[in-house]
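So that we are looking at the same thing, I have put the structure below in structure tokens.
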Amino acid sequence: MAGSSIGKIFTVTTWGESHGEALGAVVDGCPAGIELSEDDIQVYLDRRKPGQSDYTTPRKEDDSVRILSGVFEGKTTGCPISLMVKNENQRSKDYSKVAGYYRPGHADYTFDAKYGFRDYRGGGRSSGRETIGRVAAGAIAAKILKSKGINILTYTKSIGEIEIDKSRFNKEEIFKNPFYMPDKQAAQEAGKYLDECKKEEDSAGGVIECVISGVPAGIGEPVFDKLDAALAKAVFSIGAVKGFEIGDGFAAAKAKGSENNDEFTIGKNGEVCLATNHCGGVLGGISCGSDIVFRAAVKPTPSINKVQKTVNSMGEETEVSIGGRHDPVIVPRAVVVVEAMAAITLLDMLFVSDINQY
Amino acid sequence: MAGSSIGKIFTVTTWGESHGEALGAVVDGCPAGIELSEDDIQVYLDRRKPGQSDYTTPRKEDDSVRILSGVFEGKTTGCPISLMVKNENQRSKDYSKVAGYYRPGHADYTFDAKYGFRDYRGGGRSSGRETIGRVAAGAIAAKILKSKGINILTYTKSIGEIEIDKSRFNKEEIFKNPFYMPDKQAAQEAGKYLDECKKEEDSAGGVIECVISGVPAGIGEPVFDKLDAALAKAVFSIGAVKGFEIGDGFAAAKAKGSENNDEFTIGKNGEVCLATNHCGGVLGGISCGSDIVFRAAVKPTPSINKVQKTVNSMGEETEVSIGGRHDPVIVPRAVVVVEAMAAITLLDMLFVSDINQY
Amino acid sequence: MAGSSIGKIFTVTTWGESHGEALGAVVDGCPAGIELSEDDIQVYLDRRKPGQSDYTTPRKEDDSVRILSGVFEGKTTGCPISLMVKNENQRSKDYSKVAGYYRPGHADYTFDAKYGFRDYRGGGRSSGRETIGRVAAGAIAAKILKSKGINILTYTKSIGEIEIDKSRFNKEEIFKNPFYMPDKQAAQEAGKYLDECKKEEDSAGGVIECVISGVPAGIGEPVFDKLDAALAKAVFSIGAVKGFEIGDGFAAAKAKGSENNDEFTIGKNGEVCLATNHCGGVLGGISCGSDIVFRAAVKPTPSINKVQKTVNSMGEETEVSIGGRHDPVIVPRAVVVVEAMAAITLLDMLFVSDINQY
Amino acid sequence: MAGSSIGKIFTVTTWGESHGEALGAVVDGCPAGIELSEDDIQVYLDRRKPGQSDYTTPRKEDDSVRILSGVFEGKTTGCPISLMVKNENQRSKDYSKVAGYYRPGHADYTFDAKYGFRDYRGGGRSSGRETIGRVAAGAIAAKILKSKGINILTYTKSIGEIEIDKSRFNKEEIFKNPFYMPDKQAAQEAGKYLDECKKEEDSAGGVIECVISGVPAGIGEPVFDKLDAALAKAVFSIGAVKGFEIGDGFAAAKAKGSENNDEFTIGKNGEVCLATNHCGGVLGGISCGSDIVFRAAVKPTPSINKVQKTVNSMGEETEVSIGGRHDPVIVPRAVVVVEAMAAITLLDMLFVSDINQY
């Protein structure tokens, strides 16, 4: 069945496996007349590129994007934009060993159960490389949103037990440390924590936070297509995500109504606004004009050197140690993926909701 | 724009406002030949009915369902099943006061921002009564799932700070206390906690947990239509939900890979299975054969008697006290709504995934 | 599987069987703030009502519509509009005989083949009464289109061999004869033709033509969602339709390029327009500003008194004579159904295409 | 807005312009485990290749397809299949002249009206080259259908006034003449007719007929997703199609019920079947087990050397002669496109309808 497409009006279809010829995305429903170059997209792809610090896989992936259609004389034409990234360094390795057993925490077993067999090279379609198409498409969405005054800020909130301190929050810092943390001190502690993990041949997870500013009130649909429900699905569709919350999220479940409700007040320009933002920018599934704030919980990298029990393809119990060049934490590289999914979802919702102004 | 439909093959469309003539749902894509009566559905609706304890609104809502189409001689025909519940006691009250201001924590303001005006009677379409259509449709989905050996157990995990103790977990207890808690002692404490809330003219939230057993491995689609992503969206589309997590959820973000990975082992019948279930039954977006376990965070009831600041329709700041018969906590009544959304989503995914066995 | 919904943004879901409790439609995605009453819809339903002349079934069907949701204080709210028509006079008759064999030209056999059994009362879901939901929803779409200067004129072009003469075309005449023909003389001849058919216990078909004026250039999407492709699907989804053509249609296949091409010219107001309209208002799947002109071929009523061979439920060959009160021609009553489908499709396309002006 | 995707379960998304880098399609929802090579697809693409006779454009288009994803060790994996055809010989020509005016019968004007500007090189996205993605995807669908005993035979029924004679129908002949006509004599006459057209610097249209055998009864959905409605949309989405009819089509509108109804009878193997096939294999939108027979009317090639009036980009009236290497008739090359659309649509419907056997 299908399942590689998302969005109703701004539609993204991704394709490609970790070790196939190429990976890519088709973006259909992009308005015409928008200036778009490969550079606009490359900037985003570079943010998910590995090999940029000691804490990501040293694999070399150039991941240069090409625009194959939908752009003419530097502008989008309204027709589908086909984006392609060739797989360059993925052919050599021998993956026959991986084919023989199910890696714990990976989708090897479920793909086999579903399809009868699997492209076992580097995880095939369930590889993190699948997110290349998402990020490339998200770059386009983010560019359009920015032109409408909507900005998305995404960063690492925590790695393992190390969490940023809101009092030290510094937006500038995000792109200065390898973890995309807005808190220099927390980033240093995270580095130490990961050094430990590596020593133990183990891995870490973390939490990513995303703040979207400039969204006008009225975006999102009541009932099933609530803005927060759409964001939840989009972010949860990223491989390693195990939790999603908006505003106070799970903490709201412990609060009282008087603590959790956001009182309405009149803003500086006479507009209706919220005095606080426990709701995270969405009321009844529709944006209220406040910042949209959500978080995603990312599980620890499943590939670890530590010995684990598993089952091989002959149905025998065995042990594995997933050697090789794996990220001890995927959170930093997932930051831009979360941002991309937020951009794609919000832009689509914006287009879908537009009709109400008809 | 549309947004009142969910599901690709098993499609549910709901309609109706809190104080309109009626509410209902159209279920399209239900297989033919399934025995179905109004009683099958009424059992579910009764679980969300208020007035059943001191902790739910004393409003009387009979909520008797009628099947208007799609069933012939006691069996589904394969054609759309139209379900209707008439609104009986909702006409009398004077709602003109509510029309005049924005209730904190409600969707009054966002509906106005989106549509230019709103059906202010009882929240209109953003009322909790909107869930009637979901529950009625969910009852059908749950019946079909049960016939395939798939059972859904949903209960309250916590109310405010009061959480169930796993060591006292007792399935039988769930339907014996007004909170649908599987722990008698926790239910008693929750009662006391809510008495306090009521005294303070305040309200409470909580967490709902859902366990789906009997799902075969291989259900769900990779990439955007992951099973957990679909569940996230469906559950997040319930009005008061602010967080969703599967398996270890947010706790996974703090764990190490060696703790969070589920090792594979050989089960009693020689089948591949997981030794633990940190993943919550889904790997790479596809069911792995283990129980699917997820949780939803529900915010405290926004309607409280306590005085709150807000803004009225003339753009003036004012104060409100939402008097009237409101639930001090909506968690117990939301339990069956979560179950309904899980059933609808899983059944649709089952149908959609079937094609892979083609 | 689903299949009772149409439209991406303006979405219509119909439900109901010929002899069930009621029939109806849910219209989701209707913009807010539009004045809408039951009368607006009833006018359209009355156009498909039988018993209005000697040439339609004398069955009495009141078909009074009720709006159950989505309208507040006389205006649409942006939320789903639930429309219901109760079945009044359909319960009495004994249909057990019909259950026993397959009526030629009807869907009895294919429903059995698909679902294993069928609601045999009056054709169940395959009855012409299924179009009630379409017409009710179409009335809403047509009202919105009219407010944007888009008008739809639909009429009978031919019945059997009797065709209107373009030189006698008179718009006023359409609602003056029982066949909705814009040519008084042709209508008289059609009456005589049908009298003959009735005498022979036989039935007739015909062609319906639809002209949509006021559609701005730029509506429709290239590739799969061409405006003419969408109209083709919508009109072909009406039970008895066997052919669809736009502009010169099948005649274009015999013409030469120089005859079929429409030259461009400058209109009175300096706008680009077509000198002729062989294309029927659509070029490359997108409206060009000229009138959209299409035709639908409607097959003769399959229910005839004349004896026909068929097969019964025991798999034996037998003979039937479909006695009863059937229309000798359904074309006149199908005129408003074609108009409704055109309105629904065009409005949805208009909303979908809007994004390009973003 | 989107519009480059078709199919609910077997989903095809096409992309690419006449003179861009490449054209292609992403096929999502293809079952796993099917043997698939580039050769399987190339065979179909070669059928739409020009330059194969005196009656198609002498332009050289190699149109070699590459499979970029979704196939592993010669078998489909269940993941999206990305197909790409590079544009080889399209860059050289100077198209600045074409940019200056609207070609009659083409989509130049409507694209400008919709998007504000257009990729004018060779028609951009509205070029006949857009069908490459359709044919490549259709080849996959046709292969799967064939493995289920479903075969599609498509051929030219008429070119201009020249029509095949059913009494001379010879399946073998189809691939022996440049027009894909199953009647040698008609093909010769068509050749003479086209020679005349070329001499007159004019062009011709024609009718394509498609016969699908082996479809089991029960495929298609009642109401909006009727099998014939889906076929109508799919075929009408091909650029030059102006009419679609199934079974007796427009002729049915002139017939009487007793002539048009197909009587039921008992077949050789005791199965229920139709004595005739006026309905074209579909009753009530659902396949009845008989051959599905439909026809598409294709307009004459709009590009002609003959002088035509039009308007230029400065809004001035002017004259054009579309010189260059254009097909005097596109019908023969469109035959495989019709076949591809039929295959895609039928396979998707088959998957969608499967659920009823659940």
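Labels for the chains are A, B, C and D, by order of writing; each one numbers its residues from 1.
The definition used in the following text is that contacts are C-beta pairs under 8 Å (C-beta built on N, C-alpha and C of every residue); 3 or more make two chains touch, one makes a residue touch a chain.
In this text the structure is predicted, and so the values were computed from the model without any measurement.
Using the mean of the Cα atoms as each chain's centre, the chain most removed from chain D is B. Chain pairs B-D and A-B differ in how many C-beta pairs are in contact, and the one with more is A-B. Chain C has its Cα centroid 39 Å from the Cα centroid of chain B. With centres set at the average Cα position, the gap from chain B to chain D is 46 Å. Chain A and chain B have Cα centroids separated by 26 Å. In chain A, the residues touching two or more other chains are 1-5, 8-9, 14, 29, 32, 78-79, 114-115, 125, 222, 351-352, 355-356. Touching chain A in their complex are the following residues of chain D: 1-5, 7-11, 13-17, 20-24, 26, 28-29, 32-33, 66-70, 72, 75, 77-82, 84, 114-119, 121, 124-125, 351.
Against chain C, the residues of chain D that register as touching in their complex are 1-6, 14, 102, 104-107, 109-111, 113-115, 125-126, 130, 158, 160-161, 197, 200, 202-207, 216-226, 228-230, 232-234, 236-237, 239, 242-250, 252-266, 270, 272, 275, 279-280, 282-289, 297-304, 306, 308-311, 315-317, 352-353, 355-356.
Contacts from chain D toward chain B in the complex involve residues 8-9, 29, 31-32, 78-79, 222, 351-352, 354-356, 358.
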